[in-house]
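Common to both upcoming complexes is subunit A, partnered first by subunit B, then by subunit C.
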Partner chain A sequence: MSLTAKPVAAAPSQARRARRPRQDWIAVAFLAPAVLILAVFLIYPLIANFRLSFVDWNGLGNTARNVGWNNWLELSRDAVFVRALGNNALLAVLSILIQLPLGLLLAVALGRASRGSAFLRIVYVVPLLMSSVAIGTVFRNLYDPNFGAINVGLRALHLDALAQDWLGDPRFALLSVIAVICWQSIPFYMLLFMAGLSSMPAELSEAATLDGASPRVVFWRITLPFLQGTIRSAAVLSLIGALRYFDLVYVMTGGGPTNASELMATYMYRTVFSGFNIGYGAAISSAMFLIVVVVAGLALRLTRRYQTEV
Partner chain B sequence: MTSAPLPPPATRRPGPSRLRALPATLLKGLWLLLTALPFVFMVMLSLKSREESYSTSMWTPPRQADWSHYADVLRGPFLSYVWNSLFVVSVSVALTLLLSSLAAFALARLNFRFNGPVFGVIVAALIVPVHVTLIPIYLLTRAAHLYDTSFALIGPYVAFSLPVSIFLLTEFMRQIPRELSEAAQIDGCGPFTTYARIFLPLSRPGLVTVGIYTGINLWNEFIFAYVLTSTPSHRTLPLAIFDFQGQYSSDIPAVLAVVTLTALPLIVVYIFAQEKLVSGLMAGAIKG
Partner chain C sequence: MKHARWTALTLVLSSTLGLAQLASAQSSLDLWHLQTTEAGKAVIQKAVDRFQTANPGVKVNVSPTPNDTYKTKLKIAFGANAAPCVFASWGGGPLYEYVKSSQVVNLSPFLQKDQAFYTRFQPASWSAVTFDKQIYGIPGENTGIAVVIYNKALFAKYKLTPPRTWPELLKVVATLKGNNVAAFSLANKAKWPGSMYYGYLVDRLGGPDTFRNAVLRKGGGSFADPVFVKAGTLLQDLVRAGAFVQGYNGLDYDSGVSRQLLYSGKAAMELMGTWELATISSENPTFAKDMGFFAFPTVPGGKGNAGNVLGTVGDNFYSVAKSCKTPELAFKLLKAITDTQAEQDRLADRRLPPVKGLKVTDPLLSQVSAFVAKAPSVQLWYDQDLAPQLGELHKDTSQALLGLSITPQAAADQMEALAKKLAAGK
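What follows is the complex of A and B.
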């Protein structure tokens, strides 16, 4: 099962289709409840959000005013939005460069069956079960410039120069949060790669080892090529996840200090729920939606092209 | 490794192989530390008295466990958050499983026009970021007078769980042999009986996986709960941390006691059902 699974895969053969009667109305009955919920809570809001992006409204009463493309024009010149988009891009790049390789290394390391591996896998997965609010709150305390475990530890090692105001300094805020995002997400990619590895026939690497290949060669020449489909899906997942990320940044820095860690989603949230600028917030999130769709489309297309080439 | 008396083949000498495993062992140990340490700090700090939390370093264990924060938190509205989470998550998961299994049955087995396109639209819905729908759903909830009720969350929760569950369950039901549904048809079963008597029971493993995945996600869901509810009597567990933080702003041990308590339910479940939970987490791997 992959991101690129095609819906047509299970279409019945022509002969079979001819024999079976049409069941249009029965299908409508089965699909109606799900489609109704999706229409009300997903499709309608998507369209309504685009329409809101053309008004100026503080959310109170019938004071909405149509302003045409003004919000979008303003957005295209908005330095904060550009910065947020850049931060999303940085998050995407670092997610792919950090989470995927570390997840893969951990999966391979745990793959060498030993008594400890089962236990370790259990422990590694725990961060995936925690809410972002819980993780963010714990790490805010660890990052605290005065009493936080990180700075206290650094000072104890006489590395005072390395002790920073991790979340309060615009130079480090975003990177500090990204480190926590990686901390939480790496076990997910580890599980993903472990699932991929478990479908690899053992004979493959055994034969190579018998032929005298070192584990390093086995990794580069056999394991990695075998996993390329999984790696591609992981990269696409990671990319899309980064473009629409919100939770840990909001909990840990709220996008600050002075927009240093702002993402598109946190900017939208502040604009709407602190600034009461509904129309502009709708424009930000609509733009985010368009960016996600375009990037996801490109990524899926690119990965599919590679799939056919290799 | 065998204990044969003959010298083992060159590639199996214990010395070099243990040496070769060294980077892997180091990595595993380092990651264990990185994973466990934040939890150790969390629990240690939550057990310190307020004075001790100021006067001692985060690295020093509490002189003696001070459970008073836990007692304080449990005396407050904490259990109301737990109850709301249980209610909202179980109703949402049940509705998600019902609606998505109905839809998946139609997509996997019924012969109707637009089957392909409908499935395509549902898969495409996987990439919609929740934040794009946040403002209209907020306005909709207010207009429907559901703001700050537990029911406000159920609609969005089900809607955002449906695409991935329909996708997974359709794939699952497509693997159920066609002969079974055809035999049922010959025996006079209508489509609904075929769904209820044959597909639903046979899809149990798929339903369990999807249910766990949806359940974990919704249990930890933050943004809808944050925006659509406002009082402790209607908020869910992740929000407990937020609300208590306002209340105990400077009392860090109390805040961390809340964090520990919110993390506990899922970790306890995990200890008893590791494999099931891991397979549920994996189901999300296709979530775009």
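What follows is the complex of A and C.
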């Protein structure tokens, strides 16, 4: 991935070779600000965070105490962390299984140009424009077991048995929040797929249609293979997003009840800011970082292999 | 021409320099608090204005922040060495973390010099801010103790009287449940409202020393004490009796939903801090007419006095950060925001500052006042009293107990394991 990694196919001319050091200079000059920002705001905090994971510290004054690998050992035995990791995994799987297909479906449906679709496109993008805190507050009210629209509606339809304690029952809390997360994220994937579709030459599907292919066949044989790269990026984005998810869960359940909807990020937040346990919180977030890097790396590699096989 | 321009520039420069000098001569103080109601903010702002008039050249930057955000904001500010001069807290375990890390000014020397100011406050109000016999905060805002608020009209309708004992309470629960009314409204997403039931049960069963000794690790005190297990068992009995509103572990207190359940008659009682009396009065004056409160019931055979209360006399407390360059001035500001005029303003806002000889005319407030005056013991909220890590675990286990997803024995064992570990680490 470095600047000089790619071998130049044709032998560079003398003139080019002469200009090269200067070009490097320019490249370095243009890259420097970005590298500097990355170093200050990403790489340095990352390293500092790893170092913090080896101390016991309440975050106040010079009271940090070195404890070696203790925080990491504790983390490996921590039932709450394991549960949070499981919840993140469930969120990742459901995100990919729900958000991607529905986003693709909407993109294809709205991509078929008709007058009404412009309006619908705007409607479907609305969730993306709202802040997560606002969405969380709205849905918390909708889910309210006593006054919320969902249960009131179900009872009005005499479906009292279906009226549940959506956020207060450990069986439903995580799934209830995941439903909202999907509602919020689908428009993003829809936009992504619409962008992908817009770069597809119209002749491809037109030619197929002329040859007598049904819309279904066009979708499976032409559109889907064409979108392969977009789908791959979307899946990886969704996976990474799910592993480091925080906001809606924090607003709607705070990770509760009884850790039922705890995610790694909400647990880390609680540990650091309510528990004054900076070192352990740093261990959680460092572990989160490692998990995301490994999973994202694996996902990229697997999907790449799949792509070359096709 | 050129000369004239230089003169003008010099003039401009010197005047800005002059202004800069003036600004540096003026000192400024930051004051962070968490009174976010209009009336609450106004009380402090008026006191600050008086302080600024009395101390010309001093500028006070006041920033009010809502509850949960405030806790995070304060912590980050201290961690980043950008602490405000004067800040509010609940005292107890979290404040002790700041004190232990020598971030907070010991106010005892100031108070010794100013006996008149010190003795104005009720003695009980100092306990939450006293560590190793030194005082680190000034009580000022309110007396907030947990009481059972109830709907008198609903009680009259079903011919109920406020229960004084646990068996009486269970009977009330049964009657209400038989009439499709939940006995208790509870919004326990943030976990501290549910923690109050557990705290009271521990007190009623074992008296105030059970918790105190477990916290201080003395006199054989332990969170594995049978009293803690028994408290969990009784709490779960209450849950199994169907005493709580539907969804209690997921409802958000800050959104006011637990009060709406009271207003709508879906629930008859709520165990909550006395600040709620003022909130209800301003939020729903009609309902407030039917509102009463009583003490948490006693448990037969238990050691705790019916008059013992859970809560805080002084909520919130104001402290001075060590990083403050002008601690004397900061102490003056503390005095200003808790002076006689400020206390009168708070009283008018239906709050009960913990000062002696307060003339209370409001019937509910005078009831609270009498209640506190007679209380043999005031126990600070568990989640605020405990060290932060232990406080988090306490909130987790009490929510789990209420959700019937943990056994009382396991809850007590988890608390004791962490308490032991933390004590060993010191």
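The criterion applied here is as follows: the second predicted complex is superposed on the first by the 276 of 310 C-alpha atoms of A that agree within 3 Å, B and C clash if a C-alpha of one lies under 4 Å from a C-alpha of the other, contacts with A are read in each partner's own complex, and residues count from 1 in each chain.
Note that in this section a contact is a pair of C-beta atoms (placed from the backbone, for glycine too) under 8 Å apart; a residue touches a chain by one contact, two chains touch by 3 or more.
Here the structure is a predicted model, which is why all the values come from computation and not from measurement.
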Touching partner for A:Cys182 - first (subunit B), second (subunit C), both, neither: neither
Partner contacting more residues of subunit A (subunit B vs subunit C): B
Subunit B versus subunit C as contact partner of A:Phe273, first or second or both or neither: both
First, second, both or neither for A:Leu167, with subunit B first and subunit C second: second
Contacts of A:Ala195 with subunit B and subunit C, given as first, second, both or neither: first
Touched partner set for A:Phe147, first subunit B, second subunit C, both or neither: both
Footprint overlap on subunit A, comparing subunit B with subunit C: 59, 137, 141, 147, 273, 278
Complex interface listing, subunit A residues touching subunit B: 1-3, 5, 7-12, 17, 20-24, 26-28, 30-31, 33-35, 37-38, 40-42, 44-46, 48-49, 52, 59, 105-106, 108-110, 112, 116-117, 120-135, 137-139, 141-142, 147-149, 152-153, 156, 183, 187-188, 191-192, 195, 209-210, 212, 214-215, 233, 236-237, 240, 243-244, 246-247, 251, 265, 268-269, 272-273, 278, 281-282, 285-286, 288-289, 292-293, 296
Partner subunit A, residues of subunit B touching it in the complex: 11, 20-21, 24-25, 27-28, 31-32, 34-39, 41-42, 45, 54, 57-59, 98-100, 102-103, 105-108, 110-113, 115-116, 118-120, 122-123, 125, 127-137, 139-140, 155-156, 158-160, 162-163, 166, 168, 171, 174, 191, 195, 216, 219-220, 222-223, 227, 237-239, 241-242, 245, 252, 255-256, 259, 262-263, 266-267, 270, 274, 277-278, 281-282, 284-288
Residues of subunit A touching subunit C in the complex: 56, 58-61, 63, 137, 140-141, 143-147, 165-170, 173, 253-254, 256-259, 270-271, 273-278
Interfacial residue positions of subunit C with respect to subunit A in the complex: 71-72, 75, 78-79, 94, 97-98, 100-103, 188-191, 245-252, 255, 257, 260-261, 264, 266, 388-389, 391-392, 396, 399-400, 403, 405-406, 425
